[in-house]
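Both of the next two complexes hold chain A, though its partner changes from chain B to chain C.
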Partner chain A sequence: MMHGALAPSDYLVIAPVAICLLFGAALLMMRKRIDWQPWLAIPGFLLLFAADVLLLLKVAAEGPQTMMMGNWKPPFGIAFTVDMLGALFVTTAGFVGVASAIYATFSMSRTERRYGFFPFMFLMMGGVSGAFLTGDIFNLYVWFEVLLMGSFGLLILGSEREQLDGATKYCFLNLVATTLFLITTGYLYGVVGTLNMADIAQKAARLENDGAVLTIAVLYLVAFGMKAAAFPLNFWLPASYHTPRFVVSALFAGLLTKVGVYALIRVLLMLFPPQHADLATLISWVAALTMLVGAFGALAQSDMRRLLNYFVIAGIGTIFAGLALTGGEGGASATVSAASAATQAGGTAPMTGMAAAAAPLVPGSDSLVIGLSGAVFYALHSIVIMTALYLAAGTAARISGSSSLRAMGGLWRARPGLAALMLVFLFAVSGLPPFSGFWPKVILVRGAFQAGMPWLGAVILLTGFLMTVASARVFALAFWRNAPEPAVAGGPNAGFAPAGEPSPMLAMLPLLILAVFAVVAGVLPQWLVALTDVAARGIVDPAGYVGSVFGGVS
Partner chain B sequence: MRTVIFRFTAPYLTALMVLFSIFVLLRGHNDPGGGFIGGLIAASALAIYGIACGVAAVRRALWFHPMAISASGLFLAVVAGIFSVFAGTGFMTGLWVFPKIFGTEVALSTPLIFDIGVYLVVVGGIASIALALEERESD
Partner chain C sequence: METALSLVVGCLFAVSLYLLLSKHIIRMLLGVVLLSNAVNLLIFAAGRVSSIAPPLVPEGAEAPLAAVANPLPQALILTAIVIAFSFFAFLLVLAYRAYQDLGTDDTDEMRVAEPEDDGLPPLGY
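Our next item is the complex of A and B:
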């Protein structure tokens, strides 16, 4: 809530959406000028990322930010409210957007660019950013629709038969999920009489925990679980994500499922905490099964991209595991377990990094905050690493002319740099140190044990092991072994790359950018843990969020 | 459908409908009407012209690609919101000026710009669908 004139920096709240829509529209207007497109799109994405980072810094310094659209007063007008959770997600999305745009410049054919890759990508990024930034639940639905429209366009880029098949499944399931979301929002409006999330958080806390509110919470869980591809609603993802271009798969795998996760955190954990506690057992089962389906599915695949599809699902399961942890039984036991956790952390003194990473979490935080913080960290890691894996797989597939693990091989010798980066990403996705996947898993496993759910921690570890095996399979087959006979017949290893092959350095640039995150978040996780910790506390206790919307009024 | 009478009247009908769509667009702030319905009327005018005289004639008459028209509308709608940055109020706040043009007070506002944006988005979007469908039929 703001009175009087706003400073220019206040408009950062809306800037990511405005930048995406402006650039998307401008690029669509000059659709035929395909040579200009990347030169406008890449600065656009850099600008978007810069705005995201500034917004994150502002939120970190000043707490949640709100802007009311058209100066309408809070519960009635549409609020854009950014807290640490939204700012972290939107910044990571912007980061991934920059890398994907650079990659697309070097991998898209001219006809695909003419068809409008960059405008659709900006439209989708606008929808994703809007979903992360809005503070109004109906507006969240609108941004879901915007990102869906962009993603439909991206999905059928090229108009191949197989793509239309995948797109049909994707569209249908997503439309079902969004319709369910809309219907549930209607119910919610009937119960609480408001759509502003801060207002709902206040009013829902005063409601009795009766069947109506629980029904709404369950319906939201189903709708967002379908978006996030959680078991048993995950089947659409492996059926559709392998058909579009690699860079499109990368964006989808990185961002779209995480939008579902974000919406679930925002709605279920912030707006309906008692219902979330009731559903925690269900969510823990969903999480465990999602992880196992993802891990075993990945083991069963022989196509690189289909295998990565299942990695996405396993990652979603891991995030859900963090959301399944509840505050434990009462404050006393929470403090006891926190104290024991502290001694435990002290006991593992040789792993000082571990103690340092967990340190901000320990004092006075219950397992709900720990789990949420770990889930947010894992989600951010997953956005970057899944995008990176798909992009790296795309490069590998282009070099070897196939994405089937049976046909690939010899990439270690042909492209040592690519192989090294792929190894980094595979380590990170499996949760092996010293890369970004390790710390969130440490936090989540610790949280699971602390919350009295050791079996969930065991499933996380088992999934990590299975994903390590699947990753090892990818690396051994596609990179380490010599190229199989039929491929060799095409010519000496790098010789059969398509004629339009970009120079290796430029094609590697986006992968390098993404690898920087994997290494930095793996070696120096403290700053990121501190941020996700703030985000988790902001969700568990939304006083700052509510205060930013309503000011001192209520 | 290409009877002489229809082909003769279609251009007049189209011109009349486009004119009417602009009228509907401009009265929309306080009376029934607005960008969306205005855009629909204009798009159906273009569709009639396409049925009578062929899609190629419509594309020639439009000059710009329908998708580009649509995109310009989206651009205009966002720009309408950005005016609020200079006024220091919440994004998308309606800002009004009342200049006297030839002795008449004219109400100009950012909602009008936004509405024109909506109009263009609808014209472009619906026209591109309609033209694509009409083209497919003639193939």
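Our next item is the complex of A and C:
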């Protein structure tokens, strides 16, 4: 808690939200100067990313930060509280925001800019950032609605028939999910009488674990599971994510489902740990089915973008698997820190399966922390890689004139650079080394074995195998083979209109930026694992979060 | 008072869920409106309907001296009303545009984005 005058660096806590809303408003006023818009939007996103990085550094150095809006005394008024989890998510969001803005500059037509692409994008980023930073559960609902409103605007940009169809399903189901979130928050307020998350964490710990609290926890699981597109509430995602412009798909796939995952971690794991332990078996089943639905769904698709929709779902299942690992007392003594997985990455020794189990024990770490750390790592990886895959697919579809695997081909010969980048992203999304998807899966599989759930580890590995097959199909058909006969390209399965995608050379820049993350997080994962470990410990033991809000006065 | 309110909330939820289960967009829209109003009443009931004294803090004090009405649910409801209203307006326009372009408001027939006869992906080349 901050008293008296605030130092300028204290304003970093709200800077990401303030930057998004200010730039969004400024761009709205410039709607008649659409040629200028990108040149204001790109510096805006760079500024946002810079603020995110500074905030992350500040949180890493000083622990969780809190700012009370209007300087009210906690728990009254709205708190913005940033811990490592929120800072990591918001920084990754800013990172893909920069890449998407550059891509959009070269891909959105003048008409679409006039309809307000950049203002909507800033509005959505503001909602996403606010959701990651707020420390008040009702305020979290408000940010959900802000990002939802921005996403509605982006989704129907173009007003094509597919878009109206997809948007109808997306809008209704997401609105029902956020309303369910609001309903549950109403119940929660009726039970604990407070909305500040640090205050709820303290008061919920004193509550009896009775039916009322478990009901609230289950309702939150349903609401956030629906936002995250977890099975069996995933149907809205493959119905809509392939209809908007590629860059919009990329932003949605990267960010929106992960906001649901973040909210689930924040609410279920931090505020209701006993209820989370009760629900762990259910979450493990949801995770396994989500992974399998995603992997098999991807195998059944003939359109590249619809295939990627299912990759998003499979990724959500993998993250959920990390949330299902509870620290069983029996298994806790035999566990090792997730950081030991990263120590191996530095060495040159080949990975020999479970050999790492001999690594030194780290006291205080258990399956819960390992699973959560792996889940957060996977979520950050998924934000970047899913955005990158949709952007790369957009470029590929632009060159081929179609996003249908039946019509694409010959891209390896035409664009070797793009093909190489696509291969990096496909390796990363399948969890193959040496890219960013590999280490979180190692952590999660090992965590599953240590938590006594080897079947869940097996499902993660099976999903990885199936996604590798689906990725190989994408690469073989769209890139490796020669271009098919034009008669096929003009057929009824020409895929969804890839109109207005960027000229390939300029589109390489954001892809290169995103590929840097895939390589760096794959080759040097230690620093990232160290950060996600801090984030996971901060959720399992929220003393730092609570102390930051109440300033030790309590 | 809370008991009566909770009964009303329950009825509204039942009706709105019934409408949301319909295949027709126009009925689902009505369901969404009822759902948002049910939530508003729910928050109001969750905040307890107790005292009617206005929640004013005397000068110098940090908290109200006597029991006062709970002002927070009203702030929450006001926010929720504004959000629900704007979303309803958007959905209404979207539903109308979808009806114009797709020629149906039956969700079973809205298969433009996910065609039924998509067939298997190419299995080799």
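Basically, the second predicted complex is superposed on the first by the 501 of 554 C-alpha atoms of A that agree within 3 Å, B and C clash if a C-alpha of one lies under 4 Å from a C-alpha of the other, contacts with A are read in each partner's own complex, and residues count from 1 in each chain.
In this text, a contact is a pair of C-beta atoms (placed from the backbone, for glycine too) under 8 Å apart; a residue touches a chain by one contact, two chains touch by 3 or more.
Everything numeric here is computed off the predicted structure, so don't read it as measured data.
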Combined model on chain A where chain B meets chain C, clash or fit: fit
Partner chain in contact with A:Phe138 - chain B first, chain C second, else both or neither: second
First, second, both or neither for A:Ile183, with chain B first and chain C second: second
Chain C versus chain B, contacts on chain A by residue: C
Partner chain(s) touched by A:Asp541 [first = chain B, second = chain C, both, neither]: neither
Which superposed partner A:Leu6 touches (first chain B, second chain C, both, neither): first
Touched partner set for A:Met69, first chain B, second chain C, both or neither: first
CA minimum distance (chain B, chain C), superposed complexes, angstrom: 9
Chain B partner contacts - residues on chain A that touch it in the complex: 2, 4-8, 11, 14, 18, 21-22, 24-29, 31-32, 67-72, 77, 80, 119
For the chain B and chain A complex, residues of the former touching the latter: 65, 67-68, 70-72, 74-75, 78-79, 81-82, 85, 88-94
Of chain C, residues touching chain A in the complex: 20, 25, 28, 32, 35-36, 39, 42-43, 45-48, 62, 72-73, 76, 79-80, 83, 86-87, 90-91, 94-95, 97-98, 101-102, 107, 110-114, 118-122, 125
Of chain A, residues touching chain C in the complex: 73, 138, 142, 145, 148-149, 152, 156, 159, 161-169, 171-172, 175-176, 179, 182-183, 186-187, 189-190, 195, 238-240, 242-243, 299-303, 405-406, 409, 473, 476-477, 481, 484, 493
